[in-house]
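Note that the chains take the letters A, B and C in the order they are written out, and that residue 1 is the start of every chain.
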Amino acid sequence: MERSLAELALYLNAEVQGDKKRVITGCATLDNADVNQLSFIYDNKYLPALRITKAGVVILSSSFIGECPVDALLVENPYLAYAKAAGFLLESQEESVGIHPSANIGKNCSIPASCIVKANAVIADNVSLGENCTIGYSSVIESGCRIGADTVIMSRATICHDVIIGKRVLIHSGAVIGGDGFGFAKDGECWVKIPQIGTVILGDNTDIGANTTIDRGALGDTVIGNGVKIDNQVQIAHNVVIGDNTAIAACTGIAGSSLIGKNCTLAGGVGLVGHISLVDGVHITAMTMVTSSINKSGVYSSGTPFQKNSDWLKNAVRFKQLNKLFKTINKKQIK
Amino acid sequence: MERSLAELALYLNAEVQGDKKRVITGCATLDNADVNQLSFIYDNKYLPALRITKAGVVILSSSFIGECPVDALLVENPYLAYAKAAGFLLESQEESVGIHPSANIGKNCSIPASCIVKANAVIADNVSLGENCTIGYSSVIESGCRIGADTVIMSRATICHDVIIGKRVLIHSGAVIGGDGFGFAKDGECWVKIPQIGTVILGDNTDIGANTTIDRGALGDTVIGNGVKIDNQVQIAHNVVIGDNTAIAACTGIAGSSLIGKNCTLAGGVGLVGHISLVDGVHITAMTMVTSSINKSGVYSSGTPFQKNSDWLKNAVRFKQLNKLFKTINKKQIK
Amino acid sequence: MERSLAELALYLNAEVQGDKKRVITGCATLDNADVNQLSFIYDNKYLPALRITKAGVVILSSSFIGECPVDALLVENPYLAYAKAAGFLLESQEESVGIHPSANIGKNCSIPASCIVKANAVIADNVSLGENCTIGYSSVIESGCRIGADTVIMSRATICHDVIIGKRVLIHSGAVIGGDGFGFAKDGECWVKIPQIGTVILGDNTDIGANTTIDRGALGDTVIGNGVKIDNQVQIAHNVVIGDNTAIAACTGIAGSSLIGKNCTLAGGVGLVGHISLVDGVHITAMTMVTSSINKSGVYSSGTPFQKNSDWLKNAVRFKQLNKLFKTINKKQIK
C-alpha cells in the first residue's frame, strides 16, 4: 500500500530529510528503485549505487547522509529499519476472509470468521484456530490442533494431530510439524516401533521453513521457544527443546532429546547428535558436527578446508596416519 | 483403550507384581504418569524418578523391582516391552472406514471396504490396496500402484506411478516414493534426460519418514528390504538396494546403485557415494562420508571434532599442509 | 509406443545392423531385455551380458559390434543415444487434456486447451500456462505465476506466487519453488522478518527434484539458468544465481546470494556458504564445504576419509593438536 515519508518516519522513529509528503509504494535495490520506491544502505560497498540511485527515499544512517542524492530516512540501524519499513509497506495486501467451499472442515472445530481457509485445505476434527489465521491451499491440519491468532500456514503444509502452535507463527510450504519421532526397540533383528505419544509445541513468533520437519515427542513434547527462526529442510527430532530467539539455517539436523539454549545460531548443514545440550549464545558455523555438549557460549566449528581435489587427496590420506605420526614424533623428538 | 495388568502381562509375557485387575489407559514418563498410566525404566539414571513415581504400573527388569513403589510388570527387556505395551494400549483408536466423498478415485481401482481413504486423497487409475489400508488426507497414489494390507500412508505423501508397497508399511507426510532418478547423458554442454523406467519396491514392515525421497530405478528397480526403518529427509537414489532390518537416520543421502546389507545402521547426515556396497552389519556414525565399499562388518566414521572456532581455524589450515609435513618428516627423521 | 529399427535409426542418426522392420516397444537391461525391447552397452564390464542378451536390438559403438549376438544400432555415444531412444519410445503416453472437475482455478487465468490439470490441483488467480503444460495431482500454483509451454509439474508440488518458469521444465513432487528466503534483522534479541519481495526465475529445460526448495529473492530474484538439473532435497537460498547446464546432486545446500557458473557440477551433500562465486566449469566432490569463491575451473574437495571407528577416534583427536605439532616441528627441526 501507499505510505508517505511522514508515515514511514513515524513508524520507524526516523528523521526525514526531504519531502515528508512524498508517497512510497514499494521497495527495490538502490540500482533498481524508482521514484515511488524505497531503498536502503548499510554497508560501504553500496556507496557507488547510492550516489546514482533514483529511489524516492533511502533509509540510511548519518554516515551516509552526505552521499545521498535523494530524500532520506535517517535511522540508527538501517538494516533493521528497512525490514520494518518493508513489512509496513506490504502489510495490507487484503485477502477476503472465510472458508473456501472446497476446504474440508471436520467436526467440533473453532474457526473465527476473521480466518482465511483456502481452497482444498483440510481441517480435521476438534481443531481450534485463533483470530486472523490463514490456512493455505491444500494444507492439512489434523485433528486436535490448536493454533494461535495471526498465524499463517502457507500452501501444502502438514500439522499433525494435537500439535500446539503459538501466535504470529509463519509455516512454509511442505513443512511437517508433528510427524512421529524415529523411535524403535530391537526385538532380535527386528525393530518394534515405540509409539510417539508426545506432541510439538511451537512458540509465538516462530518461523518454519519449507520442507522442514519437526517430530513429535516420544513421551514428553518437542518444544520450540518463542521467536525461534528455522530455515528450509531442517530436521528436528523428537523431544528436542530449543530456547527463545535461536535461529537455525537450512539443512541442519538435530537428533533426539538435545537441548539448545536461547539466542543461539546454527549455520547451514550443521549436525547435532542426540542427548546433548548447548548453553545460551552458542554459534555453530556451517556443516559442523557437534558430538558433545557445549557449556560455554562462543563460536564453534569443525570440518576441513576445501582444496583442489589433487591436493586434497594427498592430504586426506595423511589424516589416517595422524596418530601414528604423533606417536613417532613424541617418541623421537622430545629428546 | 483400557487394558488390565493381567491383559498386559499376557501380551508381554510379563510377571505382574501387584493388582492384576488394575486398569491402564495410557503411557507417561515416570515423572508425569498418574495411577491410570503405565511407565517404564531401563537405565539407572531414572532411579530417582522411579522411587517417587505415581504411575499405575512400571515395566522393569528384576534389578529395579526393589526400588519400585507401585505395581510392576517384570520383563527381561523393559525398553522393548514398553514399545509393545504402548502399541497395545493405543491400537484400537477406531476410525470409520470408507472413502471420503472429497477423495478422487480413478478407474479400475481395487479398494477393499476395510480401507480408509481420507478427505482430498487422490487415487489414480489401476491402483490396488490390501485390506485395512489407510490413505491420509491429501495424499496422492498415482496410477498402477499396489499397496499391501494394513499399510498406512499419512497425510500428504506421494506414491508415484507403479510403485509396489508391502504390508504393514507406514509412510509419513511429505514422503515421495518413486520420483524419477537423477539420470542424464551429456550432449555437448546439455543434459539429456534418461527416462527412469524402473520402480520402487518397499518391503513389508518398512517405515518411511517425513519428507524422505526414494527414487525409482533407471532400468531395474530400487528395492527396500523388509523391516527397513528410514527416518525423515533421507534421500535414496535410483537402483539402491537395502537389506532387511537396516535403519537409516535423518538427513542421510545414498547415491545411485549402492547396495547396503542387512542389519546395518546409518546415523544422521551420512553420505554414501554411488556404485558401492556395504556388507551386513555395518554401522556408520553421524555425518560420515562413505566413499568406497565396506567388506567387513563393524563401525566406521569420518570427519573432524568440533572446537572453538579460533582453534579450529588454526588447525584446519594445517590440514592443507599435512602431506608436505609428512614428506619433510619422512625425509629428515627416519635417519 | 512402437518404433521400428528404421525409425529409431533415423531419430538417433544410427546405422542399423539387422532387420530394419523389427519393432521395439520398450527398454530393459541386457540381462532382462526380450525380443521386443531395446538395450545398450557403453562399458566393457557389461560384455558378458552382451554376449548372451536376448534383446531385440542393442545400441552400441563400433568396438562392441563384433560381440553382439542380436540386431544393433551403431552410434558414437551409446549412453546418449540410449537416453534419446528411451525418451522417443516413451514419449506418446497420451493423457486426456483438460481441467479435472475437482481442480480449483482462480480468476483471470490463461490455461490453453492443450494443458492437463489433474485432480485436486489448485491454480490461483492471474496464472498463465503455456501450451501443453501438465499440472499434477494436488499441486498448488499460487497467484501470478507464469509457466512456459511443455512444462510438467508432477503431483503435489508448490509454485509460490509470481514465480516465472520456462519451457520444457520438469518439477517433481514436493518441490517448493519461491518460498520466502531466510532473511531477518536483529532487534535486540528478537528477529524481524525482512519481507522477501523478489521472485524465482527458472530457465528453460530445467529439472527440479523431489522435495527440493528454491527460495525467492529478498529484493532481486533467484535465477536458475537454462538446462540446469537439480536433484532431490537440494536447498537453494534467496538471490542465488546458477549458470546454464550446471547440475546439482541431492542434499546439497547453497546459501544466499552465491553465484555459480555455467557447466558446473556439485555432487551430493555439498554446502556453499553465502555471497561467494564459482566460475564456469567448477566441479565439487561429495560433501565438500565450500567457504570461499573459486576463480579457476577444476575439481575441488574437502573432508576426511572414513575409517574403522576405533582408528578414526585416535586420528580425529590429533586434528585438534595439528597446529601445535606444526609449531613444535617448525621450531625444532628446521635447524
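Rule of thumb we're sticking to: a residue touches a chain if its C-beta (ideal position, glycine included) is under 8 Å from a C-beta of that chain, and two chains touch if they have at least 3 such contacts.
No experiment lies behind these values; they were computed from the predicted model shown.
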| item | value |
| --- | --- |
| Proportion of interface numbers common to chain B and chain C (over half same, under half different) | different |
| Turning angle required so that chain A lies on chain B, C-alpha fit (0 to 180°, nearest 5) | 120 |
| For chain B paired with chain C, centre-to-centre distance based on mean C-alpha positions, whole Å | 26 |
| Residue numbers of chain C (touch at least two other chains) | 120, 138, 156, 174, 211, 233, 251, 303-305, 307, 317, 319, 321-322, 325, 329, 333 |
| Interface residues, chain B side, partner chain C - complex | 104, 120, 122, 124, 138, 140, 142, 156, 158, 160, 174, 176, 179-180, 182-187, 189-195, 197, 211, 213, 215, 219-220, 233, 235, 237, 251, 253, 255, 271, 273, 284-285, 288-291, 298-305, 307, 311, 314-315, 317-319, 321-322, 325, 328-329, 332-333 |
| Residue ranges of chain A touching chain C (in the complex, touch as defined) | 26-29, 32, 77, 79-80, 82-84, 86-87, 90, 100, 102, 118-120, 136-138, 154-156, 170, 172-174, 205, 207, 209-211, 227, 229, 231-233, 244-245, 247, 249-251, 262-263, 267-269, 286-287, 303-310, 312-313, 316-317, 319-323, 325-326, 329, 333 |
